[in-house]
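Next, two complexes with chain A in common: one pairs it with chain B, the other with chain C.
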Partner chain A sequence: MKTLATLSLMLISIAAHAETPQQIRQIYATEAAAQQTGFSPSAKRGETLFRQRFALNDKMPACTSCHTDSPLNAGQHSVTGKSVKALAVAANAERFADPAKVEKWFGRNCKEVVGRACTPAEKADFVAYMSEVR
Partner chain B sequence: MKRLALITLLGFALPAFADRMPLPANTPASFKAECASCHLAYPPALLAAKDWQRTMAGLKDHFGTDATVDAKTAQEITAFLERNAGNSDRLGSAGEPPRITQTARFIRKHREVSAKTWSDPRVKSAANCEACHRGAANGSFSEREITLPSGLK
Partner chain C sequence: MQKILVWDWPVRLGHWLMVGGFCLAWLTAESETFRLVHVISGAIVLGVATFRLPWGFIGSRYARFAEFVRGPTAVKDYLSSILKLEPAHHVGHNPAGSWAIVILLGLGILTSLAGWAMYNDIGGDLFEELHEGLATSMLIVVLIHLAGVFSGSLLHGENLVRAMLTGFKKGLPEEAIASARPIAAILLLAWVAAAGWFIAN
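Up next, the complex of A and B:
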């Protein structure tokens, strides 16, 4: 129990200070490894998630509905029309730099597009893809 | 004569003033973070206080999206909106749920906009101020700063 508490504190302290996509990916990867032995983030699985059509939401059937087919491109909000900056780190260095912000948008967008919370493994894969895509 | 000049000047100044709605310097960071990601940071003066209160109370289903924020943030944003809200008599009713685009003021100001313009994919939605109001992000809605997407009039 004590170990768990220490581990959580460590994670929180990492989270509060993490500033790079690598660190954010690591937070999710560690969380995923606790549920799934030997887990390692995969950019390829992340890409599959990005492209998957969930079709639960007419206006936003997939991530690509707003973020376009390439995360290197700027997108457009499918309801309001507001422009959305590129998701890929290669195109937008501000992405995946703030753990609280990343968690907030996974929370909102997974619920809306995927229809449920994304798992730590999915988040780690997604961040891996967005960090590596060129 | 001097008086007449003053009144004339005021007459020019007022409409211009009404189109300039920059966010106040003390706008909480939470307003921009929570209310300006999916759409423009709408100037608080575009809705009356009671309509902002209804909007903030209904974030769970905010035009089809769950836009809930934590209680402390909600309080901060609501207080900010209330402080800077518009005059309900001049705006007119915003409907239910309240929409800036349903207020009499918005409708009057946009009566010359054609259906073709509204439905253009570059405009997409009446929520997308910036499609035509190039200075909208800075709170400027003056006629001079309107540029319709190419090919539209």
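Up next, the complex of A and C:
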């Protein structure tokens, strides 16, 4: 199932660059449902994940260290000070539009901030929150 | 044949700075915590490569592009001499090595410039893809270069890695370079430091 989801992400990224956040959320949700029956993405759980302090990394203990307390705001890189575009789709339509890019940044940032790979369920929740937050 | 000085200081120092910058950049590529280290290591690669270009015209004998850049036929002849296990010995760079140098200098400059653009929010997704693609091609050329250095060292019975450290290779006394050009190496260090400082700020 994981292979299937990864494969569909890859195929989508090859076939078309522009996807909707809903489609990307659906891919993760399908993957999550295979591991956990009755799974349904929750923006609320996504928000909790966004605000959680993992405190594994002094420079970036939480998502909010760089992305600020509101995903609608542009953020600031906690090491370089460079500006980071807003995460929320409402503030930045380019977000969650390219499955390969979404997968790349979940991969990098989960490893460094959460300290492990995020689960498909967490990714589905996170995408749900970022698509819905106004 | 005896041991003669072939590689000047800027060639050797530049080579190993490039190695350090390249490795560090790979190790920190996936990290935001070490993003500044990554940027500085890219700046080192850019600094070395941009110093090496003029040094290829004004450097000592074996550092000059005119001395070692050869066409594809020379590379083919050299590679077939290796396959016959009778490698043609070159005092300076062999033709295969010379291609590695030119390609790695080019890729080093392009990769770091693409990365620099990304760091400054120029070019968007295109430069991000470009940066990653160029870096991967560079890694592939580095691996081929390493394979060439090790097989060449074995076949020539000459430790080419040590030669790049000490500057000494087998040759005739009259083929040696007169000076290791240490002052130019200090200039190289200053140039690389300036590139690092400028790019990271």
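FYI, the second predicted complex is superposed on the first by the 116 of 134 C-alpha atoms of A that agree within 3 Å, B and C clash if a C-alpha of one lies under 4 Å from a C-alpha of the other, contacts with A are read in each partner's own complex, and residues count from 1 in each chain.
In this section, a residue touches a chain if its C-beta (ideal position, glycine included) is under 8 Å from a C-beta of that chain, and two chains touch if they have at least 3 such contacts.
Computed from a predicted model, the values in this text were never measured in an experiment.
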Clash-or-fit label for the pair chain B, chain C on chain A: clash
Contacts of A:88 with chain B and chain C, given as first, second, both or neither: neither
Which of chain B and chain C A:79 touches, first, second, both or neither: both
Between chain B (first) and chain C (second), which does A:109 come into contact with in this model arrangement: first, second, both, or neither? second
Does chain B (first) or chain C (second) touch A:62, or do both, or does neither? neither
Superposed model, chain C segment overlapping chain B, candidates 40-48, 58-66 or 76-84: 40-48
After superposition on chain A, the chain A residues reached by both chain B and chain C are 59, 77, 79-80, 82-83, 101, 108, 111-112
Can you tell me which positions in chain C touch chain A when the two form their complex? 30-33, 35-36, 39, 119, 121, 125
Chain B contacts chain A in the complex at 33, 38-40, 63-67, 122-125, 127-128, 130-131
What part of chain A is in contact with chain C in the complex they form? 57, 59-60, 66, 77, 79-80, 82-83, 98, 101, 108-109, 111-112
Parts of chain A lying in touch with chain B, wherever the complex brings them together: 59, 76-77, 79-83, 101, 108, 111-112
